[in-house]
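Multiple structures follow.
Each of the two complexes below includes chain A, the first together with chain B, the second together with chain C.
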Partner chain A sequence: MNVRLYVLQRGSAALMMPLVLVHLAVIFYASSHDLSAADIFARTRGSAFWGTFYALFVAAAAIHTAIGVRVIVAEWGGLRGAAPDLVMWSFGLLLAALGLTAVAAVVLA
Partner chain B sequence: MVEITVSLWRGKADGSYQLYRVPQRENQTVLDVVTWVQRHADPTLAYRFACRVGMCGSCAMTVNGRPRWTCRTHTAKVVKNGKLQIGPLANLPIIKDLACDLRPFFEKWQAAKGAFTPGLTRADAIERIIPHTAPRLAADAAIECINCAVCYAACDTVRWNPDYLGPAALNRAWTLVNDVRDTGQRQRLQAVATAGGCHACHSHQSCQQHCPNALNPTASIAGLKRHTMTAYLKGELE
Partner chain C sequence: MIGPGDRQRHTLNSGRHRRDALWLAALVHRLSGLALAAFLPLHFLALALALKGEVALDGFLRWTANPLVKVAEVGLVFILSLHVLGGIRILLVENLPWFQGQKPLVAVALLTAALLAFAFLLRAA
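Take a look at the complex of A and B:
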């Protein structure tokens, strides 16, 4: 891992800390108020705030996880050369695509 | 006479452990045991030592599974049930028996820019170093490395990542980063900020656990991470 990847991984972790706390608070709020799926969609559909919040969350998680997986496949999987970078990009883009699809389903009407 | 059953590594990487019976004595070190075997049992045994007093860093070996300086390790401390296993250091190519090839270890010192880069000539006055400044204290805390490679042999990341510079080389780089006389800082920070540099460290702290001089290379590497990150965010590193 070079300094650029280190900054990206630590930076995305720092960004996720408050996002995770808010996400947990949302879960507790929704479950303690017995919100149905329709109640939740009523709050999230068309919401720029929740769209931005979870899109940011997905981006941070995709960056953070992909860089971590790159290290794992290199150190424990024995991959060398360009292979770890290929795994990192593939895994990161897959996570981002899956996550953003989920965000779109919750936010877009 | 009380004897120790000593299991010694013989051969190269495809070698094996062989048993020897060595008399146990008071104040006997592990290096004494190895020397006894070579002098009295098998003169073909290869091992390395020089000072015998914990200064030169030549005699490190794997003792009962953990890397140690053998000249300062008493048998009374490490012999278990009358048995002792002594092998070459891990993470380094074996030349023969207990002697490892330390070239990869020292080549990484060079790759980490572990050589002092002077800014003055012999015609200039000697620069005064204020001993109680923060950089000097940081350098002093890490300076007593004897290049024994115990930390390198103990490091998980070295085992997993052949490009990793290792705790000793990075610890050395940290002492120079804190040396106000050195003029090669940018190149050094760049060298330790690339793949295989300080950011590959997982902070397992095996280096500080096993360092015979009680140094803390993990802390030095953490310092390098802070310095390189700051330099990168300022646009001073690629």
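Take a look at the complex of A and C:
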């Protein structure tokens, strides 16, 4: 891992610490209130706060996870050359696309 | 004749380090990260069902009421908590001057993750 990837990985981790704590609180809240889809949409649709919060979360998670997976496929998977970078970019972009679609689905009307 | 270098090599290759709490903590951090990486795309795909409307998402939410899914969710809360607490440990180790008492810190992280998962189980049950 080069310095730029190291800083991005640790930076995204530090950014996600408070986001994960809030997300855990959301998970606890949602699980104990038996929310229906309509209940969820009533809380999220049109919410700039939740839209921004989860878009940021998805971006940080995509960066953090992709770099982590790159390290694992290189160290445990034995991939060499450009292959780890290819895996990192593919997985990171897939996560970002799926994650932002999910955020849009829940937040945008 | 066995020299000091040989002895050191022997110690390094003996696999004893794999029983060290901090080595195990690093392994658990990697494995929990891998599990979360595998789960994330499925999580996003499930939430994206909202694009198909309330009925589709409600169908998924009903499925999550299954006790086996609840057990899996408890596992996920445990893994997520463990990974976050392990990550905090790494950031502290890398950014603060070297400090003693790292093994108790690992134990506290493990216990906290287990307590969070148990609390989730109590709320979700």
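We adopt the following convention: the second predicted complex is superposed on the first by the 107 of 109 C-alpha atoms of A that agree within 3 Å, B and C clash if a C-alpha of one lies under 4 Å from a C-alpha of the other, contacts with A are read in each partner's own complex, and residues count from 1 in each chain.
Just so we're on the same page, contacts are C-beta pairs under 8 Å (C-beta built on N, C-alpha and C of every residue); 3 or more make two chains touch, one makes a residue touch a chain.
Predicted model, so just to flag it, every value in this text is computed and none were measured.
J.: State whether A:Ala25 touches chain B only (first), chain C only (second), both chains, or neither.
T.: neither
J.: Now for A:Leu86: first (chain B), second (chain C), both, or neither, which partner does it touch?
T.: After superposition on chain A, A:Leu86 lies in contact with neither partner.
J.: For the overlaid complexes, name the partner, chain B or chain C, with more touching residues on chain A.
T.: Counting contacted residues of chain A, the larger count belongs to C.
J.: Which partner chains sit in contact with A:Leu5 here, chain B, chain C, both or neither? Use first/second/both/neither.
T.: first
J.: In the overlaid three-chain picture, which partner chain does A:Ala14 touch, first (chain B) or second (chain C), both, or neither?
T.: Touch partner of A:Ala14: chain C, not chain B.
J.: A:Ala74 in the overlay: touching chain B, chain C, both, or neither? Say first, second, both or neither.
T.: After superposing on A, A:Ala74 lies in contact with chain B but is clear of chain C.
J.: For A:Phe41, is the partner it touches chain B (first), chain C (second), both, or none of the two (neither)?
T.: Touch partner of A:Phe41: chain C, not chain B.
J.: Taking the superposition on A as described, I'd like to know which of chain B and chain C A:Ala102 touches: first, second, both or neither.
T.: In the superposed model, A:Ala102 contacts chain C only, not chain B.
J.: What part of chain A is shared between its chain B contacts and its chain C contacts?
T.: In chain A, positions 10 sit in both the chain B and chain C interfaces.
J.: Show which residues of chain C lie in contact with chain A when the two form their complex.
T.: 30, 33-34, 36-37, 40-41, 43-45, 47-51, 54-55, 57-58, 61, 73, 77, 80-81, 84, 87-88, 90-91, 94, 116, 119-120, 123-124
J.: Within the complex, which stretch of chain A touches chain C?
T.: Touch residues, chain A against chain C: 10, 13-14, 16-17, 20-21, 24, 27-28, 31-32, 35-38, 40-41, 58, 61, 65, 68-69, 72, 91, 94-95, 98-99, 101-106.
J.: Please give the residue numbers of chain A that touch chain B in the complex, ascending.
T.: 1-7, 10, 71, 74-76
J.: In their complex, what parts of chain B are in touch with chain A?
T.: 157, 160-161, 193-195, 197, 199-200, 225, 228-229, 232-233, 237
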